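Have a look at the structure that comes next, please.
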Amino acid sequence: SGAILLSSLKQQVIAAPKILEVPIWSKSIGNPVLHHSYGLPSNFEHQVIRRKSNPDDAPVEYVPSLDQASRSFTPLADLRGVITPNGLFFERYHGGYPNIDPQKHKLIIHGLVKRNLEITVERLKRYPSINKIYFLECSGNSYSNWGENEGSSVQGIHGLVSCAQWTGVPLSLLFREAGIDLDKAKYVIAEGADAPSMARSIAITRALDDVFVAYAQNGEALRAEQGYPLRLIVPGCEGSINIKWLRRLEVTDTPLFSRNETSKYTDLLGNDMARNASLIMEAKSVIIAPSGGQILPEKGFYEIRGFAWSGRGSITAVDVSTDGGKNWQRANISSDIFPKAITEFTFPWQFTGEKAILISRAIDETGYVQPYTQQLLKSRGHNYGYHNNSMQAWEIETNGRVQNVII
Amino acid sequence: SGAILLSSLKQQVIAAPKILEVPIWSKSIGNPVLHHSYGLPSNFEHQVIRRKSNPDDAPVEYVPSLDQASRSFTPLADLRGVITPNGLFFERYHGGYPNIDPQKHKLIIHGLVKRNLEITVERLKRYPSINKIYFLECSGNSYSNWGENEGSSVQGIHGLVSCAQWTGVPLSLLFREAGIDLDKAKYVIAEGADAPSMARSIAITRALDDVFVAYAQNGEALRAEQGYPLRLIVPGCEGSINIKWLRRLEVTDTPLFSRNETSKYTDLLGNDMARNASLIMEAKSVIIAPSGGQILPEKGFYEIRGFAWSGRGSITAVDVSTDGGKNWQRANISSDIFPKAITEFTFPWQFTGEKAILISRAIDETGYVQPYTQQLLKSRGHNYGYHNNSMQAWEIETNGRVQNVII
Amino acid sequence: PLLANSCTEQDYCLGIVVSDTYITPWDIDVDPSGHSLPKGSGSYDQGLAIYNQQCIACHGPQGKGGIRMGEKLRPLPQLVNITPLPHKSIGRYWPYATTLFDYIQRAMPFYTPKSLKPDQIYALVAYLLIENNVISKDVILTNENLAEIKMPNRNGFVCDIRPDTFNLACMQDCLTPKDKGFDLGKIVMTDSKSLQADCLLLPE
Amino acid sequence: PLLANSCTEQDYCLGIVVSDTYITPWDIDVDPSGHSLPKGSGSYDQGLAIYNQQCIACHGPQGKGGIRMGEKLRPLPQLVNITPLPHKSIGRYWPYATTLFDYIQRAMPFYTPKSLKPDQIYALVAYLLIENNVISKDVILTNENLAEIKMPNRNGFVCDIRPDTFNLACMQDCLTPKDKGFDLGKIVMTDSKSLQADCLLLPE
């Protein structure tokens, strides 16, 4: 029977000096059900939290702003797979996040429509709905790596990206209900109910494509930090256009040219000109483990892990180099693949104690290959800063320390 | 421009007596970043929590047990899509849930292997890993609907099912590392580090198929309630065999016949005989909205929503009847479909104010059609109780009240 | 640092090879063969004393059941069609006596599991088996004779042969269970031991 | 109860049809046409007074910037290749004066947004545009003339023409940016207004 050990078969045994202890949790009763009626992570995971970036990770001359006009970063190094837990989803506010009573909140649809509509949150949830998994990335993500590599951790440099399953109602359906004037409609102005009533203009072609009004995030109601009770989801596009705490959609024939689509979120080229409406977050990948600030505890086998995503559709491949970009191999795709969602990749690797430089490179369904920072700089000049989707290199020192390097 | 209203085009306007108020949250600053470094739901969602079933939902003669040998139910009616948020994942303990220090926890693999292995949690995370979305369902789920319809809410009757993305290392890989004796191995005994050291026997063919040791749940570390730091995932099989707080895997040629695979989790047939190892959770579906205890606030359009899942693979279709089973129509599949995962379906419906009886029926990739309770009773007799995958009917009364009925 | 040579046969070299002795404190499972039973023995009287001290609060006198607490540990009604569901008691239902030893050793007393010595467990098993009318009152239970006990319901288990319903996806003008002529299917039973890979079967 | 007949043209009949007047308090956007500007006017001196009361704490005297607080509201270095990144100031960078009105109306003062009256906003816009050398000090700003102001960087924007890099997925013996001969690609600029659907373009 199983109780008879195959001692004869056994390979050399490291005679452990001690024998296994029976820990206290196997000898005493645990916590009852409903100890937490809404559960939380184990206290041993207390370091896996959102954080402001390390001051060292901020660009020179960067003036840290008020905490209501700021951001906190997702702890990417500790995450796995496709979904970012709601409690760890990155934060970015322009006037703090409001605590909205859903009974008092409404969505207004007006402008170039036959009927102005007011829709309550309760009623909105009764429309035909969709569930979609999409990443959201702040266009300022990886800013500290623009031109220089100033960040130290993957959380602090790249942690303004997260991914969730969103549930909501397509704009195309709501606009049909309002009777949109398709001949004249060119843009829709989306506006939040937060303090600064964040507003952005979205081309009507995009709005009628895959944009929707979301009310749930990863199965439960939207988090207040992400727009409770309603937000816009503009798949593949920069975070700030996915208007949170959505209160109003005005169909127009003109863009608003709001402060956050002129003064902010536009990209200066090298010739004094700037690009407006660079909405799409291009294909990007980053190795999350090993990553900056980590120390490999010993030589041996490690699974390299990372995330890849593209605002243009599905990730089709990720390549990994462990020699600073000289040679590349195709990584395993270790999660389900959804268009415009985070896709996980893994790559088997031995740390031999010699210096190594790990880089990953995403390729999306359009054939686009993630560029080096220098290639972006060449095309765009040094005044850019948003929309940095360049490759991240991590140097593994002989003592196992991992740090952010330029290649 | 957009500012010019198309008044002439506009349909009759309900001249609202009042005009929109600008709410306080649009006129005052919100919460700063890191108000919660690990976020929580909006306080307006405080009713969306795990609950013990209503005493009314328990079978006659049921003796409520100690809270460490009990369960709490997922609030299904409020969920959407594929993923159950970790904070709302159902609970089921046989001796409470332990608070395990991952630095002190180990996984032992021994028995019919060449090498006994001890693997630390940190090392386990370095193996090649997989991410998979699977449901978990307690075999006692829907027990209160066995024979009679005693439950009132979808949470209290069916809330012992949840679904998550799990990350971990395949048993087949770990057994290769240990040098499993494939000629002799017939079962693996999996054992937890909790107070009662929950133990179950798994046929080796299943163990080598898709079973894995998980350390992450929906992107972050497993929750203590679900096995932190390690648990077994046995896809499609009853919850109790997915051993939580996993400490030991012994490869044997014999089942253990532990208390929880003899006294419990076996099913009595009508002839004094019982089935052992009824592991697979068969195809099942339930309408979550409208559902028991809800009151439809008015006549009009409602989207019927529900969840479907099958331990034998993918859901291929869900049918909905609104007339108590006389006529059926195919529902929309409104989420991504993964084998052995929760799949969401929706169905458009008008509440006209007349009585209606809503039922859903899942069909899986094997062609299996979810049965009526009476069909299960015919086959199994009245002494059964676990593994109740029969159809749920909700009656909508003329006043909009929804209640659990037998059809 | 890497454990040099400790893992030449592991592809990933991440496990530490350990001895059987090292594992002993965790290796508590007792299967029907009884091979893993610890040495020891116990009698009804000894079991009664321990039971009345450590178990009675939850399981009631003679295992008759407590209030809101532990389960009944007595022989109970026949395993036949009755409402409420028949109680799956030790004497009527459990197929192996080793299960009782294994379970008490790993899980009881509820608040302080793994606190009992082997002799105490043998005594409790003796006490409960006697209360369940499985063995006679004078038996001294030991690691030698425990596995030999033949439980009344030893042969009361069959393999899972689901699916056991074959519902059709009727779409229009369907009959429902309340209608005359509705096809409820048939009673599906089997004594086959080998239909399903998951079946729990002792080695031949 | 259902709003009878209020929704005959809606498929789902879940929206309530409301009037333009009803929406007014929320309909605060001011686009470059200036059509939605509220009636009002304001001067530099009025603006200075309000600014020094309600804005200076965060944005500093004359918009020179605060400590850890609001952004600089002054004309700043040329928009050329410099490190650190050039400041996208109102005078140098913003294409429309209406944006300043729109933004202050919806978002400032930071802690008490939407508390300013139209006249106050016109005055602040006048003050800031004058400090930014956009208009002369004696201009009284009104809903009539605000949209007519031509901002210096009015034509400073082009459409997004990404992808603007065309990296190849070299697999072996690849050059890296530090190596001689590595292909950095080329400078990609355009003044096309119609390449991308997302481009912000005023109606012709």
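Note that the chains take the letters A, B, C and D in the order they are written out, and that residue 1 is the start of every chain.
In the analysis below, contacts are C-beta pairs under 8 Å (C-beta built on N, C-alpha and C of every residue); 3 or more make two chains touch, one makes a residue touch a chain.
It should be emphasised that the depicted structure is a prediction, and the values quoted were computed from it without experimental measurement.
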Key: Any chain in contact with chain C as well as chain D   = A, B
Task = Treat touching chains as neighbours and tell me the shortest step distance from chain A to chain D.
result = 1
Ask   = Count the touching C-beta pairs: is A-C or B-C ahead?
value = B-C
Request  = State the chain with the largest centre-to-centre distance from chain C, centres being mean CA positions.
outcome  = D
Remark   = Between the Cα centroids of chain B and chain D the separation in whole angstrom comes to 48
Ask   = What is the distance in Å between the mean C-alpha positions of chain A and chain B?
value = 27
Note = When centres are defined as mean Cα positions, the distance from chain B to chain C in whole Å is 25
Message = I need the residues of chain C touching at least two other chains; which ones are they?
response = 9, 12, 14, 16-20, 22-23, 26, 29, 31, 33, 110, 113-114, 203
Multi-partner residues of chain A (each touching 2 or more other chains) = 1-3, 5, 11, 13, 20, 26-29, 66, 68, 95, 108, 110, 114-116, 126-128, 179, 189, 195, 197, 247, 250, 252-254, 300-301
Ask   = Drawing the touching chains as a network, do you get a line, a ring, a star, a complete graph or other?
value = other
Task = Sort out which chains touch which and give me every pair.
result = A-B, A-C, A-D, B-C, B-D
Ask   = Considering the complex alone, what residue numbers of chain D touch chain A?
value = 9-12, 14-20, 22-23, 26-33, 65, 67-69, 78-86, 88, 90, 93-96, 98-100, 102-103, 106-107, 110, 113-114, 156-174, 176-178, 184-189, 191, 196-203
Remark   = As the complex stands, chain A meets chain C at residues 1-5, 7, 11-16, 18-22, 26-29, 298-301
Key: Footprint of chain C on chain B - complex, ascending   = 59-61, 63-66, 68-69, 94-95, 108-110, 114-119, 123-124, 126-128, 147, 176-179, 186-187, 189, 191, 195-197, 199, 201, 203, 205-206, 247-248, 250, 252-259, 261-264, 266, 268-280, 282, 317, 319, 324-329, 361, 363, 366, 368-376, 378-383, 385, 387, 407
Query = Touching chain B in the complex: which residues of chain A?
reply = 1-3, 5-6, 9-11, 13, 20, 23, 25-45, 48-52, 66-68, 70-72, 78-89, 91-93, 95-102, 104-106, 108, 110-116, 122, 126-131, 133, 165, 167, 179, 181, 187, 189, 193-195, 197, 216, 218-225, 228-229, 245, 247, 250-254, 297, 300-303, 305, 332, 334-336, 338, 344, 346, 348
Ask   = Mind pulling up the chain C residues that touch chain A in the complex?
value = 1-3, 6, 9, 12-14, 16-26, 29, 31, 33, 35-36, 110-115, 203
